[in-house]
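One structure, as structure tokens, below. Some questions next.
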């Protein structure tokens, strides 16, 4: 059981969103942040680093944005729909860009393949949570 | 001259956006992140902390989002319009929420007054940069 | 299999540290960051929030420091021992402080009990990795 | 007057450290974080990016660590000496490594020269604050 789930299980108030969906989105965000942080570094270790500059840049953005989004949706106290919705939108857009770019290098680099998969999963999780908020 | 300006002055390529506008937006984001980090802590030191919970929560979100947005717009290499635009939108929305809440406490707490002003300035800066991108 | 493990499995170079130990430390850091982010928010939702101010403050520090440390040790390219060692030291010290404080509230608040456990596990992981680096 | 100064001026309690020294350290940390974020990106835009990999990596660490340290020392509520001291130590060590590396490229790249200067100034600020804490 992930810490996201354990922490939601012990939250002192009720919340308006399904706890299972919220926890799985937090986990997808944390996973994607980790994959992107590592992938940017893996790219820096590749001999063809000059061809991976766009991938490095987008993974840096995506890692920061996923970490920030995980923080925002983990905070349930005095929930603000405008903050949550626009951050999920930014995060989904970034996961899309980062996932598209990583996919370009998936055949050549195993780390980009794994990272692309994490980005796709996270993009879907953000969109599912946005849909559930409506 | 701020470091945002100095670093943009030494950037090796050209960029499509006015450097002065970009630098002043980065500075507004960094200022707002600092104001929100400090304001959340100031609130925790107030005797009426229970009435400031919403302010603390929004300031935590706003600090993280401003720092992340500053990083995204500081990266000019292989610029991605979807990432930049949606992050500026999320940041403006959060500065709005955080600024509105801080303003509620501005008469009673000087730190909330200063923070509200930083949030307003940052919201405007994000919206101006979005307008210039079109 | 965690993303930390998957990404280390596809890293293009060799590294001097045991990959299993490194991956489990990254996972402990990510878990602790999530637990601390959520616990600070849970505390804000409690009626006795004024008694939890120290816990909130330390959890905020601990969340930021764990996330930053996870980033530092995830980057294996051009590894710098001074950066890694001092960050692990700061992270272990912070997990100790945060874990001690959360433990004070563990009987009263389930979220503090879960968070204390995450802090203890993360402190141990940081110390084990430091020991393995020598 | 920087926001660090304005926010410390409106802090509701007293603190044990000189406010001017604290504010100038926060400003040095924020400046260094900005310089390192931009320098990593500038390096990615250079034709000899493969020779700048170590610089990119250290600037990424340094940006994250400076931002986290600025947060830690901005929080004065329930100050914890172990957290503050070990983070300042980690930050000074990282600014040293990052400053040394940037200096290697200062003749060739103006952005590395500016960034090296920000790292040196931040390292000194962290060490001065540590000395004042004793």
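A, B, C and D label the chains in the order they appear, each numbered from 1.
Keep in mind that, in the parts below, a contact is a pair of C-beta atoms (placed from the backbone, for glycine too) under 8 Å apart; a residue touches a chain by one contact, two chains touch by 3 or more.
None of the values given here were measured: they were computed from a predicted structure.
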| item | value |
| --- | --- |
| Between A-D and A-B, the pair joined by more C-beta contacts | A-B |
| Of all other chains, the one whose Cα centre sits farthest from chain D | A |
| Whole-Å gap between the CA centroids of chain A and chain B | 21 |
| Euclidean distance of C-alpha centroids - chain A vs chain D, Å | 27 |
| For chain C, residues contacting two or more additional chains | 41, 44-45, 53, 57, 60, 67, 71, 75, 77 |
| Chain C residues touching chain D - in the complex, by the definition given at the top | 53-54, 57-58, 60-61, 64-65, 67-68, 71-72, 75, 77-78, 80, 82-83, 86-87, 89-90, 93-94, 96-97 |
| Contact footprint of chain C on chain B as seen in their complex | 40-41, 44-45, 49-50, 53, 56-57, 60 |
| Footprint of chain D on chain B - complex, ascending | 2-4, 6-13, 26, 30-32, 34-35, 37-39, 41-42, 44-46, 63, 67, 70-71, 74-77, 109-111, 113-115, 118 |
